[in-house]
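In structure tokens below, several structures.
Both of the next two complexes hold chain A, though its partner changes from chain B to chain C.
What follows is the complex of A and B.
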């Protein structure tokens, strides 16, 4: 465990920026908190989570994949030579990234993701740096370095060799300094996840009637935001665009809330109603992924509840499920 | 990833988002503004995909001039010289009023202002209009008469504070999605909802009352509700006494609209009308929300008057959570009206017929100005058919698909001696032009846009225009100079300075002040905080004026030959004539083909199956589209969106116009449907 003050934190980031394209939390003019290039604006070390999902940098909303020129030659999208470092992600975002890393690495590997993600560096930021200085729970280690904000600076711990090397020059400190943060964190996480996990059990046991999904589906205005902002959503569709120079193929973020997502060429749609699609959105995270990957693929990053214009993000729906269908 | 904060180019809700640019400089996505009071980190599907059409390979990149019948690439100087010379020649030969200038609710306030200046000061004609003629001209006419201001009276935030919302003729969750979602949220929190719409729109699933009145019978419905409120003594007498005028005339005019009579005219049950009247009148704060279902009729202005009467009767004006709330469609249709892209007013609704106003603008622009109001766009089409109108300058509009009765519009445009279009894609209208000038889209320019709640906001440049395309304000500036007018604007901010100096309601608006959330007009001076709610102490015109109206049937109703009622509108995924959304991959995928909604009863009778191709005919033409068999439309009614050139709903529509506002009757005509 290391300890640093602001000047040391800056020197760590300056050092990282020599070998990485470093993105750090900043505030845009309208108050939106986003990751932006280090050095281009003021570093904002506390507040609500960064708004854009962290997977954007490896699987962007529009992701050019290849270009076919008029002679038939194929050119793959070029990848920046400098690897990326994302600084300032919280526990949930790092968990989401970890989830997607595993998903994309599973054979056959998602090459377009892998080339952008490879050699990247993740630096988490937790501790007392939430909105109004609230405690952000500690990470579960899915990053290279975790910085933990305290009243008088930051504790730093490394989870990878690269992380350890980067921290080598900083002062060691007794891990006891962490005090009660770990237990407080665990308590917070357990509380936050209790409803979601209970809802997951109810969904897994098929205790939610179709009428419920119809009722929630009736409130969906099909903005697709819940999927687009979700760091563990990775579905995309393929766009081809042809001009005089040839054809470019890209992938673009898609949403399972759309009718066109599953519609067959015949026009038939196995997920042909909003009720079915809403069920799928929730069921996928709370049941299907649990079966496939052994964990709920929602880490409560909070984005879908904030972006859903009609209040049916996953936490709202989970709370409603528990309220209505809990058997205990 | 570089973000640029800007205004959504689609509906009038006025969401703001960041356009994201990737390392290679191309637009790669959209992120909603987290703190903006309307967006609040949210967008609808069109907003989330607003980057998608910008770099489309179909973008126009060079000026085109028609030579030997074909549009061919040309230089800017040559094209602008030709435009100026031909328009000037027509004005010299046939008079200035042989020209028509069509502005656009998609371009900025500054650009609308420059276009109306070009028409009036540059070419000496008040023949300037824009597509508000087709959407809310009835509102502007009706509400100016009754309240003194033709805009949404309240603000979007009011939906969080109201007790009841009456939505009449607005498919809010699809056409103003982030207002529709506020209504849905309000309903979750206990707000009551009455939906008056013949179609089962999404909001109707959440309504306490869904009134499916026959299209075209809104005056009867509203008069019936008003009569019932008076009958039961539920009107607000104190408000009527102190804040309104002409109440006795209203009372007399609604007398014949008993629940039974209203039921006959609307196709509803008498009980529904009584229930609606009670529910509405009992709410302390009620918001009236309407859109094209009210305005697009040959009696659209009467419909608006009836809505206004109901608000005045119940004191639902000038307070938070109340108001007459016409939802403006395009992202800058409010601004295009505010800027005077209308035949009878300069910016700020200052009348051209008023000598004092004329002198003011004439002094500012340094040229004498014409005094008689110009042609409405719909009348200009008629004048072109008649041959009295010779030249058409069209900025960012596609009348061949958007106006009623396509054959008539085509005849008009083909009849012109000279037509120039300024656009971002080769639209159906551009195909007929003599000169096509490539413009910039919203993402490629600075400028302000005024949302439905009168919020003036800044759009900002995220990327350069493609090829040689130029911003519309630069194109217009060049033409103004060719007309001998000083137009040395370094940037749109300077144009806004001129607008503010000449326009009282925008007097306090400047780029510095607008910075993030914008300002709601009226904002008369530089220290004024803006006006989210109009008519608070008194109406803009003084007393609220009751304007009695009586029911008139649509100009063409179903009959033996054409037995079905046809109405048009839009779908959630597409925008107007589709030039942008049909080039946005996801939006296009969601709805790829022209279709029409048909009730299962009619479908069965006609032997039509889902997705089968059908032929729809009216007295004006025939289209072939795919059938969507759905309970959304009532029996006897067919609905089709007007987005699709290959099955253009406006081939069928009736260009019968409201005598006052000149709006066509898009919502009612008679058709016949056959299986193919």
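What follows is the complex of A and C.
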């Protein structure tokens, strides 16, 4: 474990920026934070989670895949040679990235994601750096380096060889306060996840009636915001744009809340009603991904609940499920 | 220092060029395309798998391979004109090129079919993927028991692969029966009339030695499965090919999920007992 002050943190980031395209949290005019290039604005080390999902840097909303020339030759999209470093991600965002890393790496590997993600560096920021200095729970190690904000600087721990090398020059410390922070952190995580995990068990046991999904579906205005802001939503469709030089093929984020999402050429639509599509959005995170990947794929980043204009983000729906269908 | 990313790479999203060798009409809406990979390699598919057909400007569409890998040197796709990409395919002439990705998906589980009495049952366009298995059985008859082919279409003019049906009827490898839902009075049709489920009660089945393979439009599955269960065939002896909107073919785009399964990579071939409890599967 290392300890650093602000000058040392700046030194670390300056060093990182020599080898990576470093993005750090910066304040926007509206008061929110966004990851932007290091050096182009003031680094803001505490506050609300960054506005946009961190997975978009590796699976962007419009992701050019390849070009097909008029003779049928294929040229793959190029990616910047310098890898990316995302600095300032909280526990939830790092868990989301870890989940998507695993999803995309599952054979056959999604090379369009991997080529952007490979050699990248993730630096988490936790501890007392939430809104108004609140405690942000510690990470579960899904990053290269974690910085833990204290009143007198930051504790720094590495989880990878690259992280260890970057921290080598900083002073070692025997952190007396870490045990307290860890236990507070675990308590906070357990409290935050309790409702979601209880709702997941209810959904997994198929205890939620169709009328409930119909009711939630009736409240959905099909804006697709929940999917577009969700860091673990990875569904995409494919689009071609053709000009005289050939065709550029890209993938574009898609939403399971759209009627055409699963509609087949024959007209058959397995998700042919808003009730079914609403169930799919929630069931996929709380039950299907648990069955397939062994974990709930919502890590409570909070973006869909903030975004949804009608109040049916996943935490709101989970709370409703627990309130109405819990048998405890 | 991190190493740099290489832009010289292969990609699972890159289509391979194929040349169109032959095009033939199956019905007014369906054509059969015989194709060969432009680089001379073989597709290396297994019966039941599919490819993503790519036409620049029109993106991609999943199409089942309609020929057996035992028919060397080419592969065939039976394509219904249903949208912009398949409409463009129907305008292609021999010598034209298209792109493909694949083959993708879990194939028919041929090992489980060997030495058994097979009921190969298709409805409508479902005969195209099933034809890859029928041809395989035709080319390796010693591997299988008796084989009943049952096929249903809407009308005589909607029957696919009419030449094949005639050949299969005459073949010692198969017993082949087909039926149409409606037979117009002026047709020269000489087959059965009525839904495909009407063909099943006539079959002699020893459930312990029989497997059924069912490929058809979604509304066909429940009544056919019920009829097969009535004949004593358990769900772990009934294989299905499920139709879904597959955009990527590799379990990434999310359009073909059936609860926790990805139809394109976990399927499209499933044993009934793997999916019958999953909501929306059938």
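A few comments on the model shown:
Note that the second predicted complex is superposed on the first by the 326 of 328 C-alpha atoms of A that agree within 3 Å, B and C clash if a C-alpha of one lies under 4 Å from a C-alpha of the other, contacts with A are read in each partner's own complex, and residues count from 1 in each chain.
Everything that follows uses one rule, which is that contacts are C-beta pairs under 8 Å (C-beta built on N, C-alpha and C of every residue); 3 or more make two chains touch, one makes a residue touch a chain.
Not measured: the values here are computed from a predicted model.
Taken together through their common chain A, the two structures put chain B and chain C side by side without a clash. By the touch criterion defined above, A:242 reaches both chain B and chain C.
Using C-alpha centres, the superposed arrangement gives chain A a vertex angle toward chain B and chain C of 80 degrees, stated as a multiple of 10. Contacts of A:29 after superposition: chain B is touched, whereas chain C is not reached.
Look at A:256: by the touch rule set out above, it reaches chain C but stays clear of chain B. In the superposed model, A:56 lies in contact with chain B only, and not with chain C.
Applying the stated contact rule after C-alpha superposition, one finds that A:141 touches neither chain B nor chain C. Legend: residue contacts after superposition of the two complexes on their common chain; A:41 is shown touching neither chain B nor chain C. Comparing chain C and chain B on the residues of chain A they touch gives the larger count to C.
Least inter-chain distance for chain B and chain C in the combined superposition, rounded to the nearest angstrom, is 11, based on C-alpha atoms.
Chain A uses residues 80, 237, 239, 242, 254 to touch chain B in one structure and chain C in the other.
Within the complex formed with chain A, the chain B residues making contact are 1, 3, 5, 16, 18, 20, 22-23, 26-36, 41-45, 47-48, 51-52, 56-57, 173-174, 177-178, 180-182, 184-185, 188, 202, 205-206, 515-516, 572, 585-586, 589-590, 610-611. For chain A in complex with chain B, the touching residues are 28-34, 36, 51-52, 56-57, 60-62, 80, 218-219, 221-225, 228, 237, 239, 241-243, 252-254, 258-260, 267, 306-311. Residue ranges on chain C touching chain A, taken from their complex, read 1-7, 9-15, 17, 38, 54, 56-61, 80, 82-83, 86, 97, 99, 125, 217-218, 243-245, 247-248, 250-261, 280. The touching residues of chain A, when paired with chain C in their complex, are 19-20, 65-66, 68, 72, 74, 76, 78-83, 103-104, 106, 108-112, 115-116, 118-119, 121, 162, 234-240, 242, 246-247, 249, 251, 254, 256, 261-266, 268, 270-271, 276, 280, 283-284, 287-289, 291-292.
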